[in-house]
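By letter and in written order, the chains are A, B and C; residue numbering begins at 1 in each of them.
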Amino acid sequence: MYTKTLNFVENKRLELSDSQLKWEIFFKRLLIVMSAILVLVIIGVLVTLIQKSMPSIKSLGIGFLWGKVWDPVQNIYGAYPFLIGTLLTSFTALIISIPFSYAIAIYLGEYNQKGWLSDLLKNAIELIAAVPSIIYGFWGIFVLVPIVRSLEIKLGVAPFGVGICTSSLVLAVMIIPYSASLGITLIRMVPSPLKEGAYALGATRFEVIRNVVLPFTRTGLFAGVLLSLGRALGETMAVTMLIGNTSAIGNSFKEIFFGPSNTMASVIANEFNEADHDLYVSALIELGLVLFFVTVVVNLIGKRVISKASKN
Amino acid sequence: MENPIVKAENYNGYFGDNHVVKDVNISIKKHEVIAVMGPSGCGKTTFLRGINRMHELIPGGTSKGKILLDGQNVFDMNVIYVRYKIGMVFQRPNPFPNLSIYENVVAGYMLNGIKMSKADKDVIVERSLTSAALWNEVKDSLHKKGTFLSGGQQQRLCIARAIAMQPELILFDEPTSALDPISTSSVENLFHELKSNYTLIIVTHNMQQAARVSDKTAFFYMGELVEFDDTKKMFTAPADQRTQNYITGRFS
Amino acid sequence: MEPRIGFRNTKSVIFKWVIIFFAFIITIPLIVVLLYIIKQGVTQVNWHFLTHVPAPPGETGGGIANALMGSFIMVLMASIVAIPVGMLAGIYLSENPNTKLAYYSGLCVDVLQGVPSIVVGIVIYVWIVKPSGGFSAIAGSVALALMMLPIIIRSTEQTLKLLPDSLKEAALSLGVPYHRVIIKVIIPCGFAGILSGITLSIARVIGETAPLLFTALGNNYFSTNVTGPMESLPHVIYSYATSPYDDWHDLAWGASFILLMFVLTLNIVTKVLTRKWKIQL
């Protein structure tokens, strides 16, 4: 019986091999096709954005970017308020977040690498990134906005509550995990002989961190900041709910910073479905195109720096 | 004289532009144990992997020339069929970690989707494990994962896995280099028993092992097959000066 | 002890405590947000809430059955597209790391990961909503699938790269064809890692609102028609959170609580899977 089966298998085997070879070739092609689809999707995204922005680019030209007035009713489109809104929220958030993300990276990367406290904090940081943006926005409307409003009264500025200041605060918390978790990984990768060398010379822990650990991981930490920035620039929902959605731009910095405003992402989210004529839609898509370019460039530089830093 | 089971005619192996095996001609008869030895980087492993066309899996790995298996050029055959006919055991034991011992033995059939009755499978498992001198040690734990075994047991499981396919030829790529001395001797003892049913080609960097287990020995140096002769003759009266130097330890 | 050394040590200790302060203080906003959502939301959730559609303003009661069903349908459809495509592309990247195609598709994964979700919404609007003549759950699912892809691809790729080559060689040397080696050996061995990528990607998109705004829109009624607009959990939160009615705010708190629970569960599952995966290696 045993030999009979083997003979049967043996005879079937050659025939089977031929059909299997065909499947093998098919499978390898399938893998190639799936990877190629990805490239096509990205090219498609780019082509679509450019093509649909063309009406706006043609009729508004490059002046679109520094036109100060956005008034769809009058068919006037200027992106300047949104550029300012986006840059101001993102960079404010970034500046607020940096001390925290560096502190987390140093604490979990250097002081406390293992144990339950370390795990707990690390999981909490990851959880910050996991909570959906809509929830931060919702919470912000009902909790943060009243707080900011009362602060604004004390400061003597118009008490809108919503605006760039409020958005930046929420955004700062949301983007911390991106730079922090990269920082933790990089600081843990610092070779211990390097640190031991410094300790052997009588350096304190602070001096080792300042003179060995941070210089060694500088580029990588910078890349993490870029990743956070990429997140901040493209973040939509939380900002849309907290920024006040006003396309007019204030006269003074104080007015801009504490007053309602709009970012590129928030104006798209608010107005895209209401845009009733082609130039309006096209101008919004052009904003999307600018946003796409900026975030992609920031992200790619970040990724490039990371892959270089992790190779060293 | 009976037909050789493996015959290489002007076999050349490359890694990109690197010519690692040069014009090898060799003829191996059935039921012989062949040791292939030489210093590291001499091309012995590349030659071995050329026989079942595993060499081409490495990026940049290409082959030229002919290798005849039972008179048929492996480079003209269906590659899947070639590998099915030739078993291979690697440097490090590599049982499938997701499969049990039992499943590991019949993996060649299972993974190919060949349907068999449980009774047939039972027979194959018992015979293969017995031939690999492992049956007595594992017969009560056939459904445990293969990775729970010791290194030597894992390597014998890999041999059983190769035997289960009823190959004509089994290739061993430094099969004991990752094992301790006791496991090594258990695998070496196995070679003597396998000889009656299979042809074995064993790549080894260990001269004593070559002398212990093989009928014939091939000595590779700098990509060339320097000498191929009866093991006894090779170790007592080598024809080539380079072989002489190697076995007397003048270079390694 | 020399005063100088004392000063340096003090500085070191102060630095340590400053770092600890900054590192831990950031958990406060997280805890505050989580507790607030739980406090506001948990009282809303009951069987009625889960099985009814929203009530008109002024009427009490109502629930989020339409949003739950909508999120389920759209995430399911997105997964059906994104999981096979993502796994196959990830397999290609790990198996052929040095080809030109791998370089460019790897680049595209990075690009896709960085694309703001609102831009994905615009593109799907142009590709699907405009030509088909209206908002649809299908359009929403495609947008979500695009957001899932990079996570699934990267996790598949990285998991498979961790597997030793010897495993593949063992199977190939037995005369097993390449596709069976991948399907029967490589994927099962890396299953936990790949699965963790899938759960993570679902956790990520289940809370995505921006790509749905111009694609699936939303729907006040219960709908399983995938060619029409469909409600989803994050969208119901958005539209009711920004409405002027207190009843609707309560509904949004309840929906936020449910969404948060989904996200937390999926993240815990991912954590467990990745931990198990590390032990196996």
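The definition used in the following text is that a contact is a pair of C-beta atoms (placed from the backbone, for glycine too) under 8 Å apart; a residue touches a chain by one contact, two chains touch by 3 or more.
Fair warning: this is a prediction, and the values are worked out from it, not measured in the lab.
> Out of curiosity, which chains are bumping into both chain B and chain C?
Expected: A.
> Compute the centre of every chain as the mean of its C-alpha atoms, then state which one is farthest from the centre of chain B.
Centroid comparison gives A as the farthest chain from chain B.
> Taking each chain's centre as the average of its Cα atoms, which is closest to the average over all protein Cα atoms shown?
C
> Applying the document's contact definition, name the chain pair with more C-beta pairs in contact, A-B or A-C.
Result of the comparison of A-B and A-C: A-C.
> Just curious, how far off is chain C from chain B if you go by their C-alpha centres, in Å?
Those two chain centres are 48 Å apart.
> Provide the C-alpha centroid distance between chain A and chain B, rounded to the nearest whole angstrom.
Going by mean C-alpha positions, chain A sits 52 Å from chain B.
> CA centre of chain A versus CA centre of chain C: separation in Å?
Between these chains, centre-to-centre, one finds 14 Å.
> Return the residues of chain C touching two or more other chains; collapse runs of consecutive numbers into ranges.
175, 177, 180
> Going by the touch rule set out above, which residues of chain A reach two or more other chains?
Residues 17, 20-21, 24 of chain A touch two or more partner chains.
> Provide the list of chain B residues touching at least two other chains, using ranges where the numbers run on.
Residues 80-81, 84, 112 of chain B touch two or more partner chains.
> Okay, in this complex, where on chain B does chain C touch?
52, 54, 57, 59, 80-88, 90, 92, 94-98, 107-108, 110-113, 158, 161-162, 165
> For chain C, which residues are in contact with chain A within the complex?
Touch list, chain C to chain A: 8-9, 11-12, 15-16, 18-27, 29-30, 32-34, 36-37, 85, 88-89, 91-93, 95-96, 101-102, 104-105, 107-119, 121-123, 125-127, 146, 149, 153, 175, 177-180, 182, 203-204, 206-210, 213-214, 217, 234, 237-238, 241-242, 249, 252-253, 256, 259-260, 263-264, 267, 271.
> Where on chain B does chain A make contact in their complex?
Answer in residue numbers: 78-81, 84, 109, 112, 114, 116-117, 119-120, 123-124, 127, 166.
> Which residues of chain A touch chain C once you look at their complex with the stated criterion?
On the chain A side, the touching residues are 17, 20-21, 23-24, 26-28, 30-32, 34-39, 41-42, 44-45, 48-49, 52, 99-100, 102-104, 106-108, 111, 121, 123-128, 130-139, 141-143, 173, 176, 204-207, 209, 230, 233-237, 241, 265, 268-269, 272-273, 284-285, 288, 291-292, 295-296, 298-300, 303.
> Considering only the defined contacts, which chain C positions touch chain B in the complex?
Residues 98, 164, 166-167, 169-177, 180-181, 184-185, 188-189, 280 of chain C touch chain B in their complex.
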